[in-house]
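Below are two complexes that have chain A in common, paired first with chain B and then with chain C.
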Partner chain A sequence: MSTATNMKPAATKKPGGLTGAAANYIDERTSASTLVKELGRKIFPDHWSFMLGEVALYSFVIILLSGSFLTFFFQASMAEVHYDGSYVPLKGVEMSVAMASSLDISFDVRGGLLMRQVHHWAALLFVASIGLHMLRIYFTGAFRKPRELNWVIGFVLFILAMAEGFTGYSLPDDLLSGNGLRIIDGMVKGIPVVGTWISFLLFGGEFPGTDIVGRLYSLHILLLPAIIVALIAIHLLFVVVHKHTQYPGAGHTNERVVGYPVLPVYAAKAGGFFFIVFGVVMLMASFFTINPIWNYGPYDPSPVSAGTQPDWYIGFADGALRLVPPGLEWVWFGHTWSFNILIPLTVIGIFIVTVLIYPFIEAWITGDKREHHVLDRPRNAPTRTAIGAAGVTFYAGLWAAASSDIIATHFKLTMEGVIHALQVIVILGPFIAFFITKRVCLALQKKDREIVLHGYESGRIVRLPGGEYIEVHQPVDEYERWKLVSYADYQPLELTPNAQGKVSPLQRVRAGLSRWFFEDRIAPVGTKELEESHGDHH
Partner chain B sequence: MASDETSGKDLTAADSSSVEHVTAAAGTAVVARDALKNPGLPPHRQRVTDLDPRAEKRAERTVYTLFYLSVVGSIFAIAAYMVFPIVPEEPGSVRLNNLFIGIGLALALLALGIGIVHWGKSLMPNTEGIDQRHPVRGSDQARERSVEIYHEVIEESGLGRRALIRNSLIGALVVFPLPAVVLFRGLAPQDQDPVALLNQTMWKKGTRLALDPSGAPIKASDVTLGSSFAVIPEGLQDLEHGRLEEKAKAAVILVRMKPEDLNQLPERVTWSYDGIVAYSKICTHVGCPVGLYEQQTHHLLCPCHQSQFDVADHAKVIFGPAKRALPQLPIAVDSEGYLIAQSDFLEPVGPSFWERQ
Partner chain C sequence: MPRTKKPTNGRARRTGRRSPVASVALIAIGLLFTGGAYAMVSTSTATAQTETASQQTISEGEKLFAANCATCHGLSADGTGTGPSLIGVGAASVDFQVGTGRMPMQANGPQAIVKPVQFTEEQTAALVAYVASLAPGPALPEAEYLDAEGDAAAGAELFRINCAMCHNVAGAGGALTEGKYAPALEGVSPEHIYEAMVTGPQNMPVFNDMNISPEDKRDIITYLKYLDNNPSPGGFALGSLGPVSEGLFLWIFGLGAIVALTVWIAAKSN
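Here is the complex of A and B:
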């Protein structure tokens, strides 16, 4: 605080003490006071769910710190050596330099294993927290105008995080990661026309070749992190420009943001939270082994162990490959068409693109061009919430499929039975989830109306003089009531012909989607209704 | 055009006192005429540390105790680094090193983090502040000036009038990255054709079948009924270059069954030897090693995506995403009783690719 007040007068007034002199020195050269004035007391709303994005940001910082340490020891070479480190069971075994240096980090560098495990755990947490953060944004409608572009940036970050994860996972050149690369190679080869050549160029010749680890290393430590850092900067800049969204509540409006100032409270909470996230990751790295490459051994194209699993975030793609029905590959016109690979790739591609452009689809359906800074409670956007639940179910089905063999062995089921069940879940599950979620949302909205109009059940049973028992309903206070009634209500789009008396097909589609979205709707309680209900309390 | 463009006020802005900035289309949103009024912020509730000086003192103590604890954690981590060194060839020492450095650092980080958060939550003022929002769009003035600048730039640069300059510039910009794309051809060797490479493996007429990984040749008499072996071509282990590349194509699984249980294709009856059959170990789906052989059902299972192949029935697919049967390696026995290949595989092994016939 004192710094800020001292900096304002800049050169004209006599600065106070050493801090003032330093601040003055910096401001005269950087105009930093403008920044402090603009940002120092900027208001941030508070809610636990806003920390999910913070977790993602902090795990990325942890990844950068631990990763930098690892680069000082790791050697991204696939030259063959005989291992000569401390881990006895692999002594003398032929392996790549990459694998040997990963083992050296684990067994010959003090704290090296700890940093490897911090790096891996933080990476898993990074993708997980981005996923949860995205779900929060989706289900509260935070992607609406003006934040559509930030949704796109965030989603691209999610994809890049997975790419970082996969490239990093492949670097130690152990048996599991080599098999992962082999699967990528097989998938790439299945792409029509260019697949064979892409694989050939990617691996620098035939699989596995001696180039891939070095190439992935460049991507993993230079290109991808640089793009991620740049996108995170834009992502956060947008948060500052838009100012953070807030949940509906008394005193919260679209025109103002209520919360705590960045300095000092928010900075303390957020800054402290960084150390807590780091501390939790550190605890995990100290107590729980992750990716024990010494158990897998170096890559060899022949052996593979049962129950192999990719890192969790690749699971959905691996699961999609497993769920393809048999026999989908044909030779047409002298070329092989591998639909057993193309179908999962296409389905995942469509899924990803749909999620990416969802804000624009919804904006088109509603035609709402206003800025939205107050979030929706998920129940108040039943169709959106139901679509989200359907998407989550679809993803979860694919994800579970990546562990179909483990599910089968653990629950003593047949391999085929698990696959067939998951095929059904992936196709029918989203529809069931959609239906159930939408009904639950509408039911919750009805309950909200009930509470606004008739109060909540107090649990107090009263016997009336006539012998009748009733439960006393207690009215909610106006602050709580506001939370329950303050939501936007949309009606389905009605088709009206244009000047030429025509209705374009596009408008028909839009009207259809609008009906699908808003046909079942429960309007918020208005003043008239509320007054009428008075005296109606039991 | 459908008339859904009800220009309306902000619904969520029920606070009527607030200034209306820009009137944007509300789409199909219902503009509620009798919406309830936003009651404004609820009264501020004070924390126990605001009311009770003793609680405030206690919170202060907690915070600095946590910070000191963090210092203890850091020093502990440094001490653990020295006290628990890694002793070569003793895996237990790695575990202790990992555990104790980690515990020290975790303590340092968690105590620091929890201390700062506690400080912020219990001692720093928690009165809520309010910031006004402004529409994200620039002011009308700024927008007008931007449009003006745009027209001035078009005019001054002549991009509008001098079409040839503009079009040739676009052309040059489109073409100039192409050399960079071409450079990437160098990612793979210039003198190799991937299709030709994919169509052949190391197996040749007379190559002995050898055990993986030892490389010892296999006698037909050593292959007992019901057993299965991972097999490589003899000499693979001695390759100077391309050992893994060759192995990725040439890996074979060898199985012996009762000859009467084998349902062989008529043109392949000479490819086996006394119930011993050899199939490519590389899955025809995406190339994982098909490693799991179940003796009772004589099924081969790929652990990656659960494709199953029936060895008794020329390794055809009986379940899973793979389409093609595993390619069979024709085998025979040489004069010394060792298993040998009659030839290379007669079709490309491994995952499908575009040029595969």
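Here is the complex of A and C:
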């Protein structure tokens, strides 16, 4: 086959007018049609919870757009100036150029305050939607093979989003951001031996120095966004490669995705959805103040305002620091060991790493090597759901602790009472949440089983010719039944000796964990059982 | 300079030349005005003092005190086990505590809470006069410091350094230990702000005139009144509580709206 034989005379007139001609022009030079054909016919299942990741993507686009606007006016310098803008209660006050330019954006640049608020609200929404998206992925088991790596990428994106948020929060160099940086500085200095060195390296000398805003700015607008864009690309590529997961339902199998093709339905919906998200962010930014730097004033190491908190996504770390009991600090070998810093750092570190590698942990415990494209209903994986609930409780406890002072004033409680209650919640709460959630899941599974076998109670009492009263049960329809019975029944792993005929300790641990994972389970209704139940009166 | 040689020039020079009598007359007029103004001010203060300190008002205040305050503060205001001595707390303290409704205290608690004012202005003035008559203490603030016409920028800076750690940078209030709190400052009258600084009610430290001068106090009042009179440039302030209320708003209303919209979009058409 030679290229010459494939060449067609260029003069061939094609139908389709200008659009067709333009499309053909592009296709002949880029071979885009293969891509469009492949992507355009990609099927996406329709469920509201599948759109949470999209929300994150769209907020990121909004952040990029509004952020680019802000870079036109923001000056990342810590040189001292006297503010001379239009906000009266700061007139003549000495501040850094960064703060002064942020104030100018807010008061003297047309549309600047709106863009600042768009940027900040979209940033909060970005991290929040990632969080919610991640919870959806977790509780439906969408992280299982083949999507473990995509979970890891997504979680790294979550961490990077927090880093983006924190660096951005620190840029205006107002009192709030300076206090936030001081806490980070304290945490870094709390690391034994190297902490002080790292802190001096980071701040270019003793805190606060004159370098940090410029450095954070480079990270905020250059390095971190570049990594995030690259990871988002890979993340989405994986979604295309793996195909989208779907909830169990009639005809939904591992081999077949049920939903709408990207073109035209899904693309239209998704495109429209972008504008909806943009609209919501715009409304929030138009009507609600966020980060009023003019109230906080320029950074000065001496004042700390009441109600000084980080943005919500760093709250859990702030909360961890607030919950540590006082006095955990000793001098050993000529170094100060600040366990009041080290304990929260370690606990948070372990928590983050566990979430990061959770798909691999669960795969190892369950020994499940199959591919999964149909999601679990949370109740059908009781132990996983319970672990998730425990994790959420733990996180929520730390998160709430970051606002302990606001909780105390607004619910008329004592600060100490709030702190002690949250200490209990953070330590005992996960266990209670685990137990309750698991029992609720099992109960729901039992209910499902009951419904499949006997149908719904109709409330209609019928007297049979023999005099017997029965309640008529409405049989469940077939589509519904599919949803209720199609889930995998796992067995705990059994201890199997290896080639030497021995059972390794690791195997014992794994079998033990597997037993813990699967010992309480409700088996799905099988065909035989179902047929038998139909013989009943019900 | 030759260019400036104008007829007016010569006239100005002529009128500018004063005779020694004129200087004496000027000094005399100046002294007269200064002295007169001083006399006027001192007589007005004197009359104010005699007014507040009139024996009738004091005895009226004493009766009110015996009926409403003595249970805790003692019949001679020297304190009991349940309430501190009021000898020497001054007029400003009583005006603040009674004028904001904190006293008489409703119930024992971590601190006296603001509630509807219990006494009329005359009754409050009588109580103020009675307690002030017991011993010298911080007096009621001069009106010149309460006009909220000072330097808002200087006041804001003083407020951030001295007040914001308890009251929040925007005066939204904050938590203290053991159920105590620093109240929100929105809508508090200049008199009461000034009196609070001078007397240090509840858990508040005293900011005396050596610490923050009366002019500085005026600047602080100016800043707080600026906040009262100028709503947040960014829209609704969400209580000015900072990132907590922002985060809560985002999760409940922002993300709530988004999730509701996703449900709407993904809903099957009927």
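By definition in this document, the second predicted complex is superposed on the first by the 505 of 538 C-alpha atoms of A that agree within 3 Å, B and C clash if a C-alpha of one lies under 4 Å from a C-alpha of the other, contacts with A are read in each partner's own complex, and residues count from 1 in each chain.
Keep in mind that, in the parts below, contacts are C-beta pairs under 8 Å (C-beta built on N, C-alpha and C of every residue); 3 or more make two chains touch, one makes a residue touch a chain.
Everything numeric in this text was worked out from a predicted model, so none of it was measured.
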- prompt: When the two structures are overlaid on chain A, which partner does A:Gly190 contact: first (chain B), second (chain C), both, or neither?
  reply: first
Field: Contact breadth on chain A, by residue count: chain C or chain B
entry: B
Field: Partner chain(s) touched by A:Ile137 [first = chain B, second = chain C, both, neither]
entry: neither
Which of chain B and chain C A:Ser338 touches, first, second, both or neither: first
- request: Considering only touches as defined above, state whether A:Lys369 meets chain B (first), chain C (second), both or neither.
  value: first
Task: Applying the touch criterion given at the start, work out whether A:Ser305 contacts chain B, chain C, both or neither, answering first, second, both or neither.
output: both
- prompt: What is the contact status of A:Lys269 with respect to chain B (first) and chain C (second): first, second, both, or neither?
  reply: both
Query: Which partner does A:Leu57 reach: the first (chain B), the second (chain C), both, or neither?
result: neither
Message: If we overlay the two complexes on their shared chain A, which of chain B and chain C does A:Asp405 touch? Say first, second, both or neither.
response: both
Task: Could you tell me if A:Ala161 is touching chain B, chain C, both of them or neither one (first, second, both, neither)?
output: neither
- line: chain B and chain C footprints on chain A meet at residues 88, 106-107, 113, 117, 269, 272-273, 276-277, 280, 286-287, 300, 302-308, 404-405, 415-416
Message: Under the definition above, what is the set of chain A residues touching chain C in their complex?
response: 46-52, 55, 88-93, 106-107, 113, 117, 121, 124-125, 128-129, 132, 175-176, 269, 272-273, 276-277, 280-281, 284, 286-292, 294-297, 300, 302-312, 315, 402-406, 408-409, 412-417
Query: Residues of chain B touching chain A in their complex?
result: 1-5, 10-15, 18-19, 21, 24-30, 32-36, 38-42, 81, 85-86, 88-91, 94, 97-99, 101-103, 105-110, 112-121, 124-126, 128-133, 135-136, 184-185, 187-189, 192, 194-195, 197-198, 212-213, 230, 232, 242, 244-245, 247-249, 251, 281-283, 285-289, 291-292, 301, 303-306, 308, 317, 319-324, 350-357
- prompt: Along chain C, where are the residues that touch chain A in the complex?
  reply: 110, 152-153, 155-157, 160-161, 164-170, 172-179, 181-182, 223, 226, 232-238, 240-251, 253-255, 257-259, 261-263, 265-268
